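Here come two complexes built around chain A, the first alongside chain B, the second alongside chain C.
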Partner chain A sequence: MDPLVYILDFIVLVGIFSIFSLSLNIEFGFAGLANFGKVAFVLIGAYTYTLLSNINVPFFLCLIAGAIASAIIGFFVSLPTLKLREDYLAIVVLAFGEILKIIVKSEGWIAGGVWGTPVYPAISIAGSSTRLDMAINIALVYVCLFLSFLLLQLLTNSPYGRVIRAIREDEVAAEALGKNRAKYRAQVFALGSAIAGLGGGLFAQYLQFIDPYMFAPMLTFTIWIMVLLGGPANNWGALLGAGMVQLFDRGANIAKDYVTLPIDPGNLQYIIYGVLIILVLLYRPQGLLKESQVKTKAGESIFNGRDFAKNKGD
Partner chain B sequence: MEEILLKIKGISKHFGGVYAVNGISLDITSGKIWGLVGPNGSGKSTLFNTVLGIHQADEGNIYFKDRCITNLVPHQIFDLGLVYAFQVPRLFQTLNVLDNMLVAGREHKGDKLLFSLFFRKSWQKKEIELAEKAMEILRLLKLDHLALSPAGELSGGQSKLLELGKGLMASPTLLLLDEPAAGVNPNLGRSMFERIEDLCQTGLSFFIIEHRLELLFDFAHWVYVMDKGKIVLEGKPPEVAEDPSFYHVYLGDE
Partner chain C sequence: MVNWAQVFVNSGITGSLYLIGAVGLTLTYGLSKFPNFAHAEFITLGAFFGYIVAEPLGLGLPPSLIVAFLVTGLVGLLCYRVIFQPLSKKGATLIHLMVASIALGLVLRYSIGSIWGWEPLYFKTSWPSFDIGIIRITGLWIWLIFVAITLSIIMHLILVHTRIGKAIRATKSNPELALASGININRVILVTWFIGAGLAAVAGIFRAANTQIWPMTGWDIILPIFAVAILGGIGNFYGSIVAAFIIGLAENLGVVALMTLGLSTSYRIAIAFIILILTLIIRPEGLAMLFRRS
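After this line comes the complex of A and B, so read on.
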């Protein structure tokens, strides 16, 4: 295999998984919503993309539609649980993910059911090489990643970002200060699902094939490890986590060809994940990067203003 | 001009078989400091929690400015101007002290999803105004030097002060304080009450649970005494202090 293609493939997947981990990070890291059904919203994005692109809808509309479909479904799935304790949400979405997978598997008319279906790449240029296709994918994925990241940075460094963190810390206290927690949670869940749906569309068009088995709970847990490792409530941490887990994944895949293990080498990456999560939770429960502070210019204007005045006086 | 702000009519709240609050009725009017005292476990905090919609009342009705609020949820009650500072401080631990204060800010466009994202100019001025107001309150409470420290690092007394600060930050019409001076340095406790008295002159009203009677009785204009879920005595502080039944209730079991 062309080593450059191998590296480009790595770069594309890091980008797509960064989008997934950012989407879990806004839910779990910032708002405390334990979404154990993330894969369901990736699936919705991927299938929406596929169904629409197969009837020749332009790719950017397919991506947007995937995000919107995911957001709407996310909103309604989370709705009944948002006033309950957080663990109800976790259970409901976990079950929802599995149910969705079963539906897609058994309904042959939805993108080939259990057999899966090919997906057209978003942008294809006649006679192009694999390398060029990869480069196009990198451009597409990283534009989407950049936009998602920017959106989330703006959101988390705003009064809104402060409110969702407050609800995560103490929902009763936040409610007693006028914050409608159910509303905030529904919004965050819809937003997180939209971003996951966008990533799902990119995932489908990059792999050029989808089937229900790609959307197993393992995908959800991989995204969780990325967020926990990188540092919840830090958008840079979500990127770092995605990069590192992908790196471990590749490492394990290469290593298993060279080392002889007393276990099934196909399971090596799961073992590494397990060890990783235990180490992180034991030694660095806040993740590699610490929670970012809310930066809205309010603090800065006050403190810099004062320091500035003092310096001038000196 | 005096108006009835809070009207509690026959409120009861029980946990299992225990009546924590048992048929309480009282009125709170504007521009004054009202006190609520009683031995531990007499139901004072439960009464406040019920008024604030954190607990649902089993019987009776609560009115705020003539509006029935019995079935409203806490954030709706907050919007009407009724604010609560908890007995055990409920701070947002990982947020810094200034951010804790800012969460309590009222009518902030930046709290809304679309405004926070796409109309940043529309709330930035308000954000700075609120931050200045927050710093003013923090200076008053002698917490300004900790403004950028995480709330989780505060001492017990400082946490109590920040809990009060959040309440003041919310520009309430009526502020319910649950033992604000508990765990706070005695001198600061007194200056806190002096400040509360000043705020009262500006039209803010207070309903205060306090165990430090020497403080409360110096500042409150009227005191209710609770025992076993009922109001057993009420009056001006000196009258209450001289009532023999007061000592019986308050010190009886101890």
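After this line comes the complex of A and C, so read on.
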């Protein structure tokens, strides 16, 4: 295999997974929503993209439609659980992902059922080389990543971002300040789902093939590892986590050709992932990059940072 | 023509399986205050332990149930002691505990996969089947119903009449007060994890003997089991008995409806999901209010 293509492929996938981890980060990191069914919204984006591009809709409209479809469905799925504890959302969304997978598996007319279906690439130039295709994909993915990142960075550093963090930290206090918890949670969940849907569309057009087995719960937990490792509630952390996990994935894939292990490497990889999550949660729950403190002019003039609160606590 | 008598018998069998699977989940969920997603892997693990005792060792069903109960119970207890208790002490949030349980599930599932492989295994024991009128029932199903009933009676007696049962109920309803009354709530929670994982193993053996056994055995039925726990009211044993049979009945009626409509019967799992959603919309506390005592 062409080493350059291998590296370019890696760059594209890091970009796509960064979009996924950013979308989980706004939900879990900033708003404290446990989305255990991220894969469902990736799936919706991917299938919407595929179905629309098959009837010759321009690619950017397919991507936007995937994001909107994910947002709408995400909104309705989260609706019954918004006023309840976080665990109900986790269970419902996890279950929803499984049901959605069963639907696309058993309904052959949607997109080939279990057999899957080929997907047209977003931008194809007649007679182009693999390298050029990769370069085009990098441009497309990284434009989408940049726009998502910019949006989330602006949003989380705005008053809106402070409200959702406040709800995550203490929902009673936030409600006492007149912030409607359910409304903010629904908005954040829809936004996170939209970004996941966008990533799903990019994923489908890059791989040029989709089938239901690609959207296993394992994909959700890979994204969770990225966010937990990189640093929840830190958008840079989400990018770092996506890069690191992809790198580990590649490293493991290369290593297994050279190292013989008593355990099948396919199984070992997920055992390591599981152990890694538990260790991170036990010893460094804030991830590699910590959440940056909220800085506002008013806050500085009143408390002079957090020192005031700390001294008082001691 | 639908054989309704058979549908109701099947509902009872499905309900019995879900009940055995859900009791452990609902107890640990109620006392530790987080849903243990690795419960699915306790089911799978128990199925494999049971398989070893029943098939390669050839000891039959009853010893396999007992051995799997004890060994898996011990695994569950260790998992709580090594992972969840330290996490709770460090002040982990609900989401962190849930993620940790998913991670534990991954470790267990893929460890099982690397030990026993991903090819489905089957219990080779053939069970005699009896025809009672238009109803057909196998020896395995009789065992399942017998175990479910025995379990319900034993659990009831434990919860109402023994010290540990009273401690479990006290810890569930008010941990601080239980602690203040001199109940060692850590030990109580450890006991529920032992019982919970042990019962998951029993459910796993029946599920595996009825269908197949592979690393996803538990995951295949975790959704209805969660639906039972939530419909019954989290931590509520009596509620989960009623909920298990409601969901068992709904699933079997649903299968009839799906076949009549010409849809795939793999949607049967969606029926539990619909009940779960309806519970959350209408009555998030489940059937708990029907049973004051627990």
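Heads up, the rule we're going with is that the second predicted complex is superposed on the first by the 293 of 314 C-alpha atoms of A that agree within 3 Å, B and C clash if a C-alpha of one lies under 4 Å from a C-alpha of the other, contacts with A are read in each partner's own complex, and residues count from 1 in each chain.
Operating definition for what follows: a residue touches a chain if its C-beta (ideal position, glycine included) is under 8 Å from a C-beta of that chain, and two chains touch if they have at least 3 such contacts.
This is a predicted model, so every value here is computed, not measured.
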(request) Could you look at A:Tyr88 and tell me whether it touches chain B, chain C, both or neither (first, second, both, neither)? (result) second
(message) Contact-wise, after the overlay, does A:Glu175 reach chain B, chain C, both or neither (first, second, both, neither)?
(response) first
(request) Applying the touch criterion given at the start, work out whether A:Leu228 contacts chain B, chain C, both or neither, answering first, second, both or neither. (result) second
(message) Once chain A of both complexes is superposed, is A:Leu151 in touch with chain B (first), chain C (second), both, or neither?
(response) first
(message) Once chain A of both complexes is superposed, is A:Leu61 in touch with chain B (first), chain C (second), both, or neither?
(response) neither
(message) Once chain A of both complexes is superposed, is A:Ile277 in touch with chain B (first), chain C (second), both, or neither?
(response) second
(request) Would you mind writing out the residues of chain C in touch with chain A in their complex? (result) 34-35, 37, 83, 86-87, 90, 92-96, 98-100, 102-107, 109-111, 113-114, 223, 226, 230, 263-264, 266-267, 269-270, 273, 276-277, 280-281, 284
(request) Would you pull the chain A residues touching chain C in the complex into a rising list? (result) 28, 32, 34, 36, 80-81, 84-88, 90-92, 94-96, 98-99, 102-103, 105-106, 221, 224, 228, 263-264, 267-268, 270-271, 273-278, 281-282, 285
(message) Can you tell me which positions in chain B touch chain A when the two form their complex?
(response) 52, 54, 73-75, 78-79, 83-84, 86, 90-96, 98-100, 102-106, 108, 110-113, 115-117, 120, 123-124, 127-128, 130-132, 135, 147-148, 166, 170
(message) Give the list of chain A residues in touch with chain B in this complex.
(response) 151, 154-155, 158-163, 165-166, 169-170, 172-181, 187, 191, 233, 291, 293-294, 296-299, 301-303
